[in-house]
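Think of it as A, B, C and D in the order they're written, each chain with its own count starting at 1.
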């Protein structure tokens, strides 16, 4: 199977030949790849070099944490990439953004109102958790819609708090 | 459910009333009992005292390892105890003893022969594992039967090596 | 003299105190909330008593229930740890009233140092320099504070009178932005401490936060154990501490130590305490506050002095003399502490909760880990995000940094996000290596992306790993979905598939 | 000068050496067998090369492949650790011949000390006292040994000429039982070392096994780092070591240290080494052997001297002078090491294999754990059963014992049996607490059942816990079996059952 991995704008073409061999941008490499302890932790030995990474899927990206650095990789096979390019690549910008509680907590304040225009980075809601007041910010420009919680309310993890359209 | 627990010859009558209450030899006790980390490790808080033990079932006994001491408990409900007593209690002494490899290893020597009489504690087989030569001894008096392995042979864990009848 | 100690706390500090008691042959009593039934301090203690539901105010802040548990268990003393009830004079008094020993200072000393205005007035009278501000004049209204702000000058800080740990704190750069920040600070102070009083304090630019550990017994002996450098902070929360401070020389250490002892004597202090100072670039230092309790970062001092501060606390509370005179205190090598928090350094340090599925702590020479968590334990949103303290000792600061690098690289904790990558980046930062940082460094001049890393970036390797994981998941998904379509010979199909792909 | 080190070992010692390299800023290369693909040393190293299948002779004893990996990776030096190839002069020579640095002594010193007969002759010539025996006269036949045994007298020991670690060793109490024991010893020696030669040695009754750590650089500086008490052994395998020895006073330490330095000089020794002595009750001491390598128990010396022995080894191998003169070596406090083995102390210390499903190592003040395992790792039968070394430091021996008690109590390792309960019992033994033990203590005068325990026995609590577990299993089994009989409404039935029983 042939994949295109994209990290920081750079593309890597990776062909998985079998359990022990891949082709990276055309170059044949022997890999020794194994999962550790049944955890999302992977060990890779390649050309004698030993690497270990924590790997987590986050929506349509893969987070790779290795030696204290976080890489964000998009992995697509050729068909997926064609489809995405055909779709204009702007898919991630359309549709409303639903602000979800990243953890359980107490809504301390909601400094925005429904219908209000907000800029990327503007604070939408202050959530208290673990004795810290955490500012949840808008990931993009838009208009605040459907505020579903009130200050003083306890919320669950992943509960939708409000939307930005 | 009412159980009889026997440790070192002493019997404890334990009635499990519900998740939080038991009766120990007639005395009502509140217990807070929980398994830790999904492991065979259990935490018990009883009358404010906090205990933690590793519990393992070994054939018809329960091993409880607590504060560096190993307790071996037989747990029976009333019916089981009646049956065992009716059966004469000698059931564990009848039938052949099958010597099984406690771990994978190499058979170094078998100092006994088929048909030979052996005493309790006599060495039946020497198994090398983890760089140590381990002497496997007979748990009782009897006659050696069916030696199924030879010196120099590699054996798997739990593989039957020979029998004593 | 007591032989059983109740520890009125949770997490790593409860475990830390428990260990000290064990090593002194004392029996231990834990208290816990419903969220902490399986916490390490409950598992390790000889006895454990439930206080109530998870929220602190219903459990770890219930002084009455804690004293009740102490009396029920026959504990003769209560150690409060830090946070929760540690600096509440009324709790300390209630403990004494119940006929128990409070392992800490007298309630009067807690009260004197707990009200920062009184604290400043007291130490100022004893000749200790303080930072200019309104703390000394009592609680003021917004109008009065706005008036006073002009004479103090900007930038300045709004701080909660009852507070600590950065809660209710705001930085003000001009008079215009001050009213809104006052409102926010009072709101946070109210929420955190039940008291919305605030005061103003001159912000010393380029300041270092350096504190002196002191020990005082009931015989009037007061000694100091040198300084801890705590300037690496984010939102006024300490992230990393070290001792000695790369900024402090023997002369400054002696002067600050002497002043710290003076400050402690001013309130007739007994037990362990910490005097926090701000030090400007010219090595002028100002009294900031006194923490009348064991400090989170006490182990860095333990590592360079060899003195077990918690054991000394217990010794003092048992009415013994200090084991050490000032002359006995010797400093050897260098210690660094990284606070390991359950938060995501790649997402604005957002707290992270969940069950720890796997954990492997660093060990080997020169490493100490103080933690209250383990694989299988669930991090709840109710308490502090700090889940461990990773400490190293080295013969020199450079060796300590190298050791911390390898320890951080070894640390594995899966299930919640941690700030370990932040610390790894810090250890690679040239400014940190050079000891050139102040209290604003993390927020203003440190970017994780911009630090030149010791380990070279390997996006190619990351791409391979991510691809191989994605490939496995694709194949796994195929295994699950396809047989359902066929609905027969599931195992045969899988084994054929495996033959094809291995 | 080298900047990359290949570690020709596995397990905790490979990890230990890796950590030292990391902390010196050196790159690391691991080698591994097929059984160790996921071992910690492979995970922590910068590079890793497969040697071959699990058995040592096809992997960790393949000197040729190891040197090949070193050359391929560009490593400039090889650290052999202990065991495997550490004391093979031919391997050390092959390393040098390949143009690499061997982090250890010269091949000539290994050879001189590796043949025990030559070793004894050499040190005896240098004025070092040795135990009477046949080691000096070369390999003898059974007949000759039986003849010589009469003049040495009983009890005596049969020992493997090529051996170490108790393999091929037998104790003989009379001439009658000697022929059978000779056969057994030769068989074990052959199996372990490929050499069935044995020698005889007088058995010193009531002997203590005490060893001196030495360090020697290429400039002719030789120092000693004091003694380690290693008398607690079972089947000639050390179980627990401490420093200082409760039996050694300053005078004896100085005398033994001086003799150890003499012995090292006799073979022109370079790098770290250990001289083992037997000490009788009158404090006479006899040279036993020299281990020309890093010793398992080296960390107890590190804890009391503050000297990192592995870093000094690397320093010496890089051609530098020792960092310390004899006068710089100061002893502080007391250190104890417990070897944690995968074996069942309740079943004749039978080795135990399997996957570790959960692990929580002790931490906090004064603790050090050197280990090569983690939760999820599988303990295979191919290698040594030692999976970790638990070390504590305390200001006094009593404090170290109390700390070790709490550390052992904290240790959790599920999936294989360990000898932790043995160590817990030892820490409770009055004879151990009194320091009154010799090399026969564990086997002859120590019974786990007979030690009066610090923690009182609680069979009632054990009965409750076992019953509650059995009750849960019964209920769980019921849940699984009964629905199968009904074959419908499985989930409904379970939920009704749960309502009834909760």
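In this text, a contact is a pair of C-beta atoms (placed from the backbone, for glycine too) under 8 Å apart; a residue touches a chain by one contact, two chains touch by 3 or more.
Values in this document were obtained by computation on a predicted structure and should not be read as measured data.
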From subunit A, which chain is the farthest off, judged by mean CA positions? B
Just curious, how far off is subunit C from subunit A if you go by their C-alpha centres, in Å? 30
Rounded Å distance between subunit B and subunit C, as computed from the means of their C-alpha atoms: 47
Distance between chain centroids, defined by C-alpha means - subunit A, subunit B (Å): 51
Among all residues of subunit C, which ones touch two or more of the remaining chains? 358, 374-376, 409, 412
Subunit B touches at least 2 other chains through residues 37, 39, 49
If I apply the definition of touch given earlier, which pairs of chains qualify? A-C, A-D, B-C, B-D, C-D
State the interface residues of subunit B toward subunit C in the complex, per the touch definition above. 32, 34, 36-39, 43, 45, 48-50, 52
Going by the contact rule set out above, which residues of subunit D touch subunit A in the complex? 29-30, 37-38, 42-43, 45-50, 69, 72-73, 374-377
Per the touch rule above, subunit C residues touching subunit A in the complex are 167, 187-188, 191-192, 235, 342-343, 346-348, 350-353, 357-358, 381-385, 408-409, 412, 414, 420-421, 424-425, 428, 453, 455, 457-471, 473-474, 501-502
What part of subunit D is in contact with subunit C in the complex they form? 15-16, 19-20, 22-25, 44, 299, 302, 306, 308, 332, 358-361, 363-365, 367-371, 374-376, 394-395, 399, 402-403, 405-406, 409-410, 412
Interface with subunit C, subunit A side, in the complex: residues 1, 3, 5, 7-8, 10, 12, 14, 16, 18-19, 22, 24, 29, 31, 33, 37, 39-42, 44, 46, 49, 51, 53-55, 57, 62, 64-71, 73, 75, 102-105, 108-109, 128-135, 137, 157
